[in-house]
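Structures are listed in the sections that come next.
One chain, subunit A, links the two complexes that follow: it is found with subunit B in the first and with subunit C in the second.
Right after this comes the complex of A and B.
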């Protein structure tokens, strides 16, 4: 019974962290068809922003939830204005340019912070269930992921900004004809995606030892989650994170964490082979 | 083959041979050998991506697989001839199976990129986790993060004590690059190559004309895998150690950067890009002022923004415009009409 509870929490945690990692990329890819391969580095910089803020004496939650998204959002703003906006509609070119950006950020962060591992301690202490000990921070991550999904859904579904954004993504020419500034909408969307990446990086920062090349560990997972999810943002993210997270955790428990990671990757390959358009390309079509 | 094509291939090979003979006068054999190997690796993706339209994010998988196949076989066998062949055949077969899985599943662009990327990651994760005595193939311990050191490097076929190293290894690599280049040019001039370019231009049209697009893409992918495997085999012999780093994302990224910077839709471009950027990386490695990846990243971003067709096609157009010979120009590399150079 205790073991079952622990496994359940761990599975929920795995799903929640995939949701967090993928959210920023899903917004940018789902809305703008832009694949941001610097996503992992955005998360890494969110982590560094959090750590620096905490070391400056700012409350750890403020650092994670407010400072990190703002810092990374601003970086996203600069990136969008300088690079991405020239490349809309050229999927492969954006991928390559953002890959270049990711290298650039790794280099910059290495020069500033050095190639050493930094980290902060988790703000929530461990929790005992029967004979088992679980990390209390896992619950925080699960809660944040749920709130995040609800918030993105609410903004897109019920606000005017979300409506205009969705309209622009469907037919930018019509949106522009009825007087919306599409260039600015793209910019805001990209900044929102970057801020989400920064938030994810900040929240996951206490769990990992951060090095400048940490982004590489995130980008593959984010990329896989989003592509397997398919065109819908929320439904795709939830379904693919759910599926891949469960598979990864089951194999982690049955064997080792490495087997779990490999199982996640193999599951992604099989899923894409069966559903080449992603899960929401076949099911739940047209949902958010 | 079109008239004049054979002559053009011989001419290009002759120019390449002259360059490969002259380069040792300005650089050490040790550095030069690895640059030539990079050139071959760049060529492999240049073929698959530039002429087949298949954006493979995981060319490093075949490169690493070639290196590992060679190393494992060399530990078990000792003499290098069979390992050398295995280093080419294993990645080629793997590319064939992977390609068949992808192309018969009608996967394209981004999804193809994800699958190849994921496969590379699987290799990377797996190889990193193979420390300990449980992971053994024959006498070879896979060694996890530390890789496999101390295997037989390339030797003159038949005499295991006659090692090929330094200048002799350079000659082997240089000749291999020239041969592979010539063979690829010939392949692209053959009906198979012409149809491959046709498929890149318009897959549906090629299919309606009756060509089996899936089989042809799979085959081209396997050829690319074989060339990358050969590069990996030579690399294994040069470095004398193989590590999981060969499968890393950074390695894959580098190959793509070479192709983009050098110029897609040409064969000389990726080779040039690989050699030039490889040398730049070597130079940057000697100083500690600026971090290596800042420069590489900046180059990639600037080339994508300012020279989307790459250096070699841009220079070639400039050259032909200056000297008055007419060439068809097109703005985007993916829509290029003319053939290899």
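Right after this comes the complex of A and C.
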């Protein structure tokens, strides 16, 4: 019974962390069709921003939830103005450019912080469930993921900004004909996606030993989650993170973490074979 | 491609110019002894490589300040392999064939060692590998001065089984080091009357241990033994502490601390972890105190000294003593001098070369993490490399050249 509760928490945690990892990319890739291969590095920089802020004496929650998204959002702003805006609609070129950016960021962070593992401790102590101890921080990640999904949904569904952004992504020529400044809308959307990546990096920082190359561990999972999810941002992210997270955790518990990772990849391959447009290309069509 | 005669001539001319730009390297500059160093001082392994390079420089500077070896100064030729295995092959060739060094010290990962070992053997260049590794290399041209799994496990495991209980849960990195270490841990746990309830292996990029932590609790072991390796695996210690388990189930490790990881974890996360190594900053011996002082004078700060740096320092000194004893830097006399039970007193204690295996017999210290330091609990003097001794005898088969998989 206790074990079942622990497994349930771990499954929810796995789903929540996939949501966090994928959210920024869902906006940048899912909405804007920009293949951001530097997404992992954006997360890594969010982690470093958090650690630096905490070491400067800033409250750890402020560092994770406010400092990290702002710092990475600003980096995203610079990147969008200098590089990405010249490459909208050119998929392969953005891939190459963002891959170059990812190498640049790894190099810069290595120069500044050195190539050693850093990290901070989790701010929440362990919890007891029956005979088991679990990481209390898992609950925090689950809560943040839920709030994040609700917030993104609310902005896109009920605000004018969200409506205009969605419209621009679908037909930028029409949006521009109605009088919207599409270049600015693209910029804001990219910055929002970057800030989400920074948030995810900040929130996950206390759980990992951070090195400049940590981004590599996130990038594959982020793309798999977003591509399996398909065209709808929220529904896609939730359905694919839910499915893949559950599959991965069940196999991890039944066998080993390696088998869990393999199961996740196999599930993704099968899904894409059956639903090449992603889950929301078939089901929940047209939802957000 | 359409190549005209003119293009060809132009190309040839350009080629001739570039060739003449390559500086001319004298084959034997003056009468210097040449020591080649080949280490990753940049890239992902630089946390290991940089202090090792410093240790080499320190030892060479000391030897030169004392008048060199047999009246000749040592010239240090260093290459940075940038954590790229391909560069080991290239620079290894360069050290052996172009620089014609008398000895090579270096290599960090087992893969890097195996990349240069054949080249150095073929070109008859003496090689020192100064790193803790999985054991089993049997080659008369190589000397290995780091600790092997049996040396650590033989000290660590009986102690923790006695102090903490009989049920052992092993976590290890999923490559040859972790696999082999897990076998030795199992063997010593059983000999001490313990039992291994489970052994889990993790690829080097696994960073999420939530499910593992739950599984460990359902197995309810008395202690866990970790042979996890690298930055991603460091997450385990953090997540273990975040679940509050570091206060409930004690842990021993054969790997944490080698790259000074105990300084990355907070005291709350690290306190109480037991390890067994050759070196700790906290060793009170006069040799270690003198070593720390010399390091501080040369580099300012002693925080970056770790196990592998000290192994390197001891490796260079072992070679230097052998050159003195042999009266020459030529390869065979030096090997014979090393095989004649040569020993030195290093920062980690006495180090003796075992003539049968060319591995080191050395002091192993049982230690516990205490406020980001390694507090020495007990000293075990002169532990032989039992694992490699079980398979390798270079006195009986001097031409042996392989890495054995040790059957336990």
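FYI, the second predicted complex is superposed on the first by the 288 of 288 C-alpha atoms of A that agree within 3 Å, B and C clash if a C-alpha of one lies under 4 Å from a C-alpha of the other, contacts with A are read in each partner's own complex, and residues count from 1 in each chain.
We adopt the following convention: a contact is a pair of C-beta atoms (placed from the backbone, for glycine too) under 8 Å apart; a residue touches a chain by one contact, two chains touch by 3 or more.
As the structure is a computational prediction, the values presented were derived from the model and not from experiment.
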First, second, both or neither for A:113, with subunit B first and subunit C second: neither
Touching partner for A:258 - first (subunit B), second (subunit C), both, neither: both
Subunit B versus subunit C as contact partner of A:211, first or second or both or neither: second
Partner chain in contact with A:283 - subunit B first, subunit C second, else both or neither: neither
Which superposed partner A:223 touches (first subunit B, second subunit C, both, neither): first
Which superposed partner A:103 touches (first subunit B, second subunit C, both, neither): first
A:272 touches, of subunit B and subunit C: first, second, both or neither? first
Touched partner set for A:95, first subunit B, second subunit C, both or neither: first
Subunit B and subunit C footprints on subunit A, overlapping residues: 216, 256, 258, 261
Residue ranges of subunit C touching subunit A (in the complex, touch as defined): 42-44, 46-47, 174, 200-203, 205-215, 217-218, 231-235, 238-239, 241-245, 248, 261, 264, 266, 268-269
Interface residues, subunit A side, partner subunit B - complex: 35, 83, 86-87, 91-93, 95-97, 99-108, 110-111, 216, 219-220, 223-224, 227, 256, 258, 261-262, 265-266, 268-269, 272-273, 276
Residue ranges of subunit B in contact with subunit A within the complex: 55, 101-102, 105-111, 113-115, 117-119, 121-122, 125-126, 128-129, 249-250, 253, 256-257, 260, 290-301, 304-305, 308
Residue ranges of subunit A touching subunit C (in the complex, touch as defined): 3, 6-7, 10, 13-14, 17, 115-119, 121-122, 124-128, 131-138, 206-211, 213-214, 216-217, 249, 252-253, 256-258, 260-261
